[in-house]
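Each remark here refers to the structure printed beneath this line.
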Amino acid sequence: MAEEKNYKIIQPDNSEENKFLKPENYKREVTAPDGNTFIVDPLNDYFCDAKPQPHAPNTIKVVEKFLNWARSQSIWVLGFGTGCGSIEIYPLMTPRFDAYRFGVQQRPTPRQSNLMIISGYLSVKTLKRAIRSYEQMQSPKFVMALGSCTINGGMYWDSYNTINRLDHYMPVDVYVAGCMPRPEALLAGFMELKKRIREGKGEGANQYAENFDWYKANQKKIIKDWNMPDYNW
Amino acid sequence: MKEIINNIQEKFKISEVTEQRENQYFISVEKKDTIQLVTYLKDIEKFTNFILLTAVDWIEKGQFQLTYMLNHPSKKLDIGVRTFIERENATMDSAHHLWEHVATFQRELKEMFGIDFPGSPRVDEPFLLEGWDNIPPMRRDFDTKKYSEETYFPRPGRSTNDPAEHMKKKLYPNE
Amino acid sequence: MMNLKDILSPFSAWRNLLKEPVTIKDPLTERPGAPRYRGFHKNDIEKCIGCGTCETICENEAIDLVAVANVDTKNGDSGLRPLVDYGRCCWCALCVDVCTTGSLTMSNEYTWVSNDPEDFRYIPGVDKKEWDNNDLGWKKPDYTLIPTERMDMEEMEPSEREGTFLEIVRGYSRAQAEKEADRCTECGLCVATCPAHMDIPGYIRAVREGDMEEGLRLLYETNPLPEICGRVCTHRCEEVCAVGHSGDPLAIRWLKRYIADQVPFEEYKRILGITSIEENGKKVGIIGAGPSGLSAAYYLRIRGFEVTIYEAKSKGGGMTMYGIPKYRLPMNMLESEIGFLEEIGVKFVYETRVGEDISFDEIYKKHDAVFVGIGFEKPYKINIKGEEQKGALQAISFLDDINKGKKVDIGKKVAIVGGGNVAMDAARVARRLGAEVYMLYRRRVEDMPADSEEIHGAYEEGVQIIPQTIPVEIIGEGGKVKSIQYLMAEMVPDEKGGRPKPVPIEGSEQVLEIDTLIGAIGQEADYGFLPQEYLDKIETNRGRMLVDNNNKTTLDKVYAGGDAVNKTADAISAIADGHRAADAIERMLLV
Amino acid sequence: MKIVYVLLGLFIIINYGLLQAGVLRRITARVGKRIGVPFYQPYIDLIKNYAIRSQFSHGVMFYLGPVFRLSGGVGIFLFMPLIFGNEIFSNYSMAGDLILIMYFMFIGMLGMALGAGEGGHPYSIIGITRGLSQFTTVEVPFTLAVISIAIQYQTLSITEIVAAQQGGIMHWTLMTNPLATGAAMLSFLGMMMYAPFNVVNAPQENPLGPPTEFHGTFLGMLQTNRVILGVMEAILFMNLFFGGATNWGILFIKAFLIYFYPVFVGAVFPRYRIDQSIRWFLYLPTALGILAIIFI
Amino acid sequence: MFHWTPDRSAFPTAGPDGKFDFDSHKLVKIWHGPNHPGVTGNMSLELTISGDEVLESKTHVGYLHRGFEKLYERRTWIQCFPTVVRMCVPESDSNEYNLSAGIEELAGIEIPEMAKWLRTLVLEMSRLQALLRIVPAQGGTVGLGLGVQWGVYLRDLILDRFEELTGGRIYHMYMIPGGVRGLLPDGFKERLEENLILVDEFVLSIKRLMLDNAVFKKRTVGIAHIPVEWIDKYGIVGFVARGAGVKKDVRLDYPYLAYDQLDFDPAISTDSDIYARTWIRWNDIITTVDLLRQIMAKMPKKGEFKAPTPNVLHWQVPKGEVYVRSESSRGEYGFYIVSDGSKYPRRINLRGPSYTHAVSLLEKMLVNSNISDIAATMVSLQTCPPEIER
C-alpha cells in the first residue's frame, strides 16, 4: 500500500466519547485517485459496520418455542480457542465425551456460529478479536465463559494484559467454574445453556445491541489500538 | 570448562565468574566487550547454540542485567554472559547477525523492558502487546496490580479480615 | 511412487465400525472425580480456627476471611472462616496442603454452572453445598509445607542437674532461632491469647530477619520484662499456636528470650528511643516491685510520670525474684531488668513494707495515683494435724530462702503437697538439694495445674509423683516431722459439670516416711497493710481485688494488678495488668 | 399435474437426503469410536439456520449465489428420471437431459463463485478458485465417460440409458463398459468433495472455503442444495452406470451405496493439495476415460 | 506430462524498502489466525500470498500474553508454583519440573529418590499425552481427522491416570519444590499398563492409517524441509533437530532425575521434512511407552517423597542464578531463574522451543511454501503459542 498521505485528518471535538480516541482513529477526509473526496471514520469503517440492532423474537409463542428448541439442539461453536480452556474442547469433541450427540459442533467461521466459548483468560489483544468475532456472529448468539478468569480475573487477576471480568465486554449466558473446567463441566455448561435457550433467556445478542454504547465504552477503555490489521478485502 | 574460562579471562576483562554447576558458568563482562565476547565464544570456542537473551531489572542499582546464555552442543557446556547496562535510555549493541533468532529476543526486550537494540530487524514492531501506551511492563517500576485494578474492573464485594485485628476487635476492643 | 499397500492400509480403520464406541453414555453422572481430585472446597467448620494461612498462601487472593454467624471468636479461634472466590481460585490446593488444622479439604465435585457471575463465592462448610458430604477429593497429603518439628532447645542433662542451680535451658543459637522463627505462619491468633497482647508475629518476623533491635522494640511495646517472660512465662500463646495443630507449636517463649538475650542492656535505651524523658510532673506510687508493678512503672515512666516503687523486700522482682528458682531464671537477668528501670528514672524504695514502714494513707495522699501490685504472699495451710511441727515448710518461704542463699536442711526424704508450678519448683529445688522427693497430689497427673514441661522436667529429674492422694495427718516424732499419712482417692465426676472431684477411699491409708514436708497448695493476698477505711472501700472477691477494665479498683485513684487481681496468677498477666493500669492512669491524669 | 409429482419427488429426495446425511455421520463417527449425532440432526441444523434472526448482505450477488447454487441442484432434479418406468417420478426427463444435467452441475458452482466472490472474504475466494479449478478437472474424466456411454448407447437421454441397462446386473454399464464406469466413479470422488478431494473447503487451510461468509438463510439454502445435489448426483450415477431403479426401495439402496463410496474413501484419507488433486484427475481418471472412448 | 513448476520470475517481489506493492493486484494479504482452525493455539500469521504461494510471513503472537514474568515479581516462590504450570498448556509438567529443579538447585535441596522416580514418571506421562494429541493432529492438518479421534481418547485415559496420581487433569501442580505431592495410588501400575496396551494398539493403527497412507505421504514427504545448517542458526532443538539428523535430547545430553538409569534411544532421521518429523514423534510414542514400563518396573515401591523445605510462606531462596532445562515433547525447555535472596523471585524467564520454532524459523520456512501446507508445517514444528508469550 502506498504510504503517501492522501488524506486530511479531521480534528475531533472534545466530547466524552472522543476521550480515548487515538490520532490514527480520527475521522479523515480521503481523496481518491479520481479526485473524489469522501470521509472515513476508522472506528466505524474499520471495526464495526453499524450499531447492531436488537431482533425481536417471533411473536407467535409456539413458533418461537419450537425455534428455540431447534437452536438449543443445534449449537454451533466458534472454533476460536481464546485461552487455555480450549485444550479441554479436544476431549469434548472426540470419542470420550462426544458432544456431537448433544447437537454441539464446531464451526470455523463466526458467521455460522451461534456460541462463542471464551475459554479462560482474555488478553487485550485477543479481546479485540473476540469482540470482532462476536459482532460477526448472527443473532441469536450465545457466550459461554469458562473458568475463573472470566469471572473475576482468576489466576491473572493482577496481570496488566488480561481482563478481569468478561461481562463488561460481552453478555455472557453461562459461566462454568474451574481452572480449567473438565469436559464434563463443559457439558454441564452446554446443558444449562440449552435450558436457557429453551426458556427463551438466551437473548444476549439483543442485550448487546441494546447496551451497545456501554459495552463499547468499556471495550474502548482498554483497547487502545482500534485499528484492525490492514486487510485488503 | 575451566580451560575455556581461563582462555576468556586471558583475552577479555571478566569481572566475575560464578560456577553454578560443573558445566554451567556465569561470567560478567563490560558492556562494550559483550558482543565481542559472544562472537568469540561462538566462533572460537564453538558455543554455537544460542539459548536465550534476557534482561533482569536491578532497579535499586539503576541497571539492567543482560544475560546471553550460550551452549556448547558437543561438550555440553553452558555459559551465561552477563553484562550490566544503564537503566536510563538503555541501549545495547545488537547481536542479530550472529544467530537468526536473536532478533526475536531483542524485539521482546525492546517491548518489555525498553532496551533498544539499534539495527536489529523489526525491533520497533510490537511483539506481544498491542496499543500499549504505558511504560514497558517488565520494568520493575511498573505496578501491574495497580494498573489491573484501575483498568480491568475487578469484581466488587470482596473484603477480608486479619485474624489478629478481628480478634482484637472482638475480644479486647479497648486495649 | 504410490504403492498399493499405502492405498489399502488406511481402510483398516473401518474395522472400528464393528466395535462398540468408547463414548461415555452419561458423563455427568458416570464420572466422579478421582479420589484425589481437586474439586470444590470443603471446610470442617468446627476444626477450622480461622488462622488465615490459606489466605496467605493463595497466590490469587481467592480466599477472604469473613466473620461467620454461629462461630464465636474465642481463644485460639479467630471466628473467621475462609470464603472462596471461584472467580479467582486455580484449584492448586496449596491452601489445603498448608492448612494448619487440616480442616480445609477439597471434594471431588467439579461441576458448577451458573449464569450469574456473582454466584461463585461461598464459605465452605457454612454455605451448604451438595458436595459437603463428599468423602473423596484432595486431602492434606502426608507432607508439610510448614516444618512441624520444633527446634530442640539444648538442655542440661537431668543427671547433671542435682546440686546445681545453673540454668537448665541453654537458649537458641542464631541458626536455631531463625529456623524456629521460620515456622511461624504469622496468623496472629496468639496475640489475643497473650494477656499482654504482645505482637508475637512481629517479633518472630524480626528474629527471622535477624533484626534484633526491631524485635526488642516490639517486645517493649507491650512487655517491659522480656528477659523474665522469655524464661518463665506460662506461654499460653503456644497453646493456641496454629502450627501446633499439626505439629509442635512454635517456641514463642524461647524466641522472645532469644531476642532479649541478643541485645546488651546498655543498648536498650538507644534502641527503645528513651534517651530523654519529658517529665509531666505527675506522681505515681507503686506498691510492690513484682512484675505488675515493674510493668506499670516502666510504662508510666517513659510517659514522663514520676514513679516510686515501695517494696518490702530488699530486691525487686517480687515472686519472680523470690519464688522462681534460679535454674529457671538466673538472678542477674532480673537485676539487669530492674537496673534498666532504675536507669530510666524509676525510684525504688526497698525494705519498706507498706503498713509498717510507711502508711498506705501517706502514699495515697502523696501521689496522684497508686498502683497496688502486692501479689499473693500468704500461703494457704494444708490444714491437717501436725502441720506446726518442725520440718513442715511452706514452698514459698522455702524457695525464698533458697533464692536468698540460705541453707535449708530438708533431710533425705521430702514430700511436697500440691500440683501447681510452685509445688514443681519446690520439688525440683529439693531434688537439687539432693533429697528424694515425693509429690502428693489430690487429682490425677493430667489434672495438675502445673505446666506440662515442668511436670516433664520433674519426672526427668527423678521426682516421684503420687497422684490421687489426700494427706490426712503429719506424724511427728519429738516435734519433728517423721512421716505423712494419706488416703488414696478416686475421681468422681462432678454432677454440676465441673472437673471431677477426688473422693477418699475408705481404708486406703498409707504412710510415707519423710524428713520434710513442703506445702504448696496455694497462696492468698495479704491486705494487712490497708487501713480499715480503705479496706472498706476496696471490694474483694475470694481474696482478689475487684477491678474494672482499666484495672482500677473500687477505690478512687487506686489501680491494682498481678496475682492479687487476676486468677491466672502468672507473670505475663501481671505485666499486662501493669500496662493496662499505666494506660488508664495516663488517661486519667493527662487527658 | 406434473408439477405436483415433481414437488412430491423433491420432498422425498430432501427427506431422504437429510436422513442419509445423518446416518452417514453416525457411521463415520463410529469409525472414530464415537456415537455420533442423532440421525435427525441435519433437520435441526437446517431449521436452526433458517431461524437465524439477523441477516446481512455483501451485495446482490451475495444473495444470488445460494440461489444459483440451489437452482443448480433443483435443476438436476428436474430433469432426472428417478424411478424407471414410473411416469410419476420421471420428472421432466427428455431426450437430451444428460447434457442439461451436466450443465446444471456446473452452473451451481459458478453461482457459488459469484456469491463467494461478492462475500469478499479472502478464504472464500481462495476456496472458490480451488473449487472451480478442481471441478473443471473433475469434469474431464466424467465427460469422457459420459461421451463413452453416449457412444455406447447412442443416446443422450438418461431414461433410454437406464432402459438399455435393464434385465439384470450383467447389462449394467458397470459390466458393459467398465472403463467408463471407472473413470466416472473416480471423478465422482471429486464431485462429492470428500477427502482426498475436499481442499475446496478444507478447515485447516481456508476455513470452510466458499461458504465462509454465508449464514442463516443463505447457509440453509446451501445446506438444502447440498442435500439435493448429493443425492441427485448419486442417482445420476446410478442411472448411468448401475442400472437405475425401478422402485423407491432399490433407489434408496443404490443411492446410499453410491453415496457411501466417497464417504468410505474420505474417512481414511487426508486431502490432496489443489495442484495434486488436479494432477491426479488428469492422470488416472482421464486416462481411463480416454481408454473408455477408444475401446468402446 | 503435466509437470509444472511456477515461473518465479513472474512473481511479485518486494521493493527496495522490503515492502510489497499491493496495488499490483498480484498479491493478497491474509491473516492466518487467530480464529482459524489451522493454527496451533491462539496465534496468527500475516501472510502475503500470490496465488497459493506465500511470499512473506510474519508471526504475530501475544494473544495469550498474560505477563507471567511480571506476575512473579509479586508472588513468593511457592506462589509461582501453581502459576508457572499455565505457561504451556498442552504439556504443563515441564514447567513444574523446571521451576522446582531450579529452586532446589539454588537452595541446595536434594530430593528423595522416590520423588525423582515419580517426577520422571509424570514427565513421561506428560510427554505421552502430548504426543498422543499431536501425532494424529499432524494428520488432522492435512484433513485426516480420524486419528485425532483415537489419539485424544487415549490421551484422555492418560489424563485419568494423572487425575488419580496428581488430582488434576491438565494442570497437575504435582512437583512441588522439594519433591512431589503424593505417592502412587493403589493399583496405579495395573491401570497404567492397561492404558499402555491400548497405546500399543494405537501405535500400530495410526501407522496403518497415517504413516502408511499414500495421500499423507504425498502431502508430507519433502515438504517444509529444514537444512541441517539451520540447527544452530535458528536454535532448533528437540525432535525437529533430530529430524534433521542431529541427536538433541536433554534426557541424554544432560541427564536429570532418573533418566540416567533408563535405557532409551530416541529416533533420528535425516529427511528433515514433515513426514520425518511425524515419524520421529510416532517413534517417540513407542519410546515413551517403553520408558513408562521401565519406570514402573524400576521404581522403588515406597519411600519419602518430599524433602523438608523451610516454611514456604516466607521461603527466601538463596541468591544466585541458574539455567535449568528439561526435555519436553517439543524439545529443550529451559528456565532461567534469578534469585536476589528475597521472598520473591527476581526473574523467572522461560525459553521454550517454540520461541524460535514458531517465530524466526517458521517465518523463514513459510516463504515460498504453499498456503495449504502452513498448518502441517506448524504442527510439524509443534508450535505452542503460550510458551512464546507467557
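When the chains are written out, they are named A, B, C, D and E in that same order, and each has its own residue count from 1.
What we mean here is this: contacts are C-beta pairs under 8 Å (C-beta built on N, C-alpha and C of every residue); 3 or more make two chains touch, one makes a residue touch a chain.
In this text, all values refer to a predicted model and were calculated from it rather than measured experimentally.
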TODO: List every chain that touches both chain A and chain D.
DONE: C, E
- [ ] Report the chain closest to the protein's overall CA mean, measuring from each chain's own CA mean.
- [x] E
Open item on the list: I want to compare two interfaces, A-B and A-C. Which one has more contacting C-beta pairs?
Closed with: A-C
Open item on the list: Need the most distant chain from chain E, centre defined as the mean of C-alpha atoms.
Closed with: C
Open item on the list: What's the farthest chain from chain D if centres are computed as the mean of the Cα atoms?
Closed with: C
Open item on the list: Measuring centre to centre with CA averages, how many angstrom lie between chain B and chain C?
Closed with: 49
Open item on the list: From the mean C-alpha coordinate of chain A to that of chain E, what's the distance rounded to whole Å?
Closed with: 30
Task: Mean-CA-position distance for chain D and chain B (Å) - done: 60
Task: Chain centre separation in whole Å, for chain E relative to chain D (CA means) - done: 42
Task: Residues of chain A touching at least two other chains - done: 94-96, 98, 101, 108, 125, 151-153, 155, 157-162, 165, 179, 182, 231, 233
Task: Sequence positions of chain E contacting 2 or more other chains - done: 28, 36-37, 62, 65, 67, 70-71, 74, 82-83, 146, 149-150, 153, 171, 209, 213, 218
TODO: Please list all residues of chain D that touch 2 or more other chains.
DONE: 29, 31-35, 122, 203, 207, 267-269
TODO: Let me know each pair of chains that touch one another.
DONE: A-B, A-C, A-D, A-E, B-C, B-E, C-D, C-E, D-E
TODO: Mind listing the chain C positions that touch chain E in their complex?
DONE: 2-3, 5-7, 9-10, 12-13, 22, 33-38, 53, 56-59, 90-94, 97-98, 106, 138, 141-147, 179, 182-186, 208
Task: List of chain D residues in touch with chain E within their complex - done: 31-34, 122-123, 126, 195-196, 198-199, 202-207, 267-276, 279, 282-283
Open item on the list: Taking the touch rule as given, give the residues of chain E at its contact with chain D in the complex, in rising order.
Closed with: 2, 4, 28, 30, 36-38, 52, 139-146, 149-150, 153, 209, 213, 215-216, 218-219, 370-376
Task: Residues of chain E defined as touching chain C within the complex - done: 75-76, 78-83, 146, 153, 160, 163-168, 171, 173, 176, 179, 181-182, 185, 205, 208-210, 212-214, 217-218, 305-306, 308-314
Task: List of chain D residues in touch with chain C within their complex - done: 27, 29-35, 264, 267-269
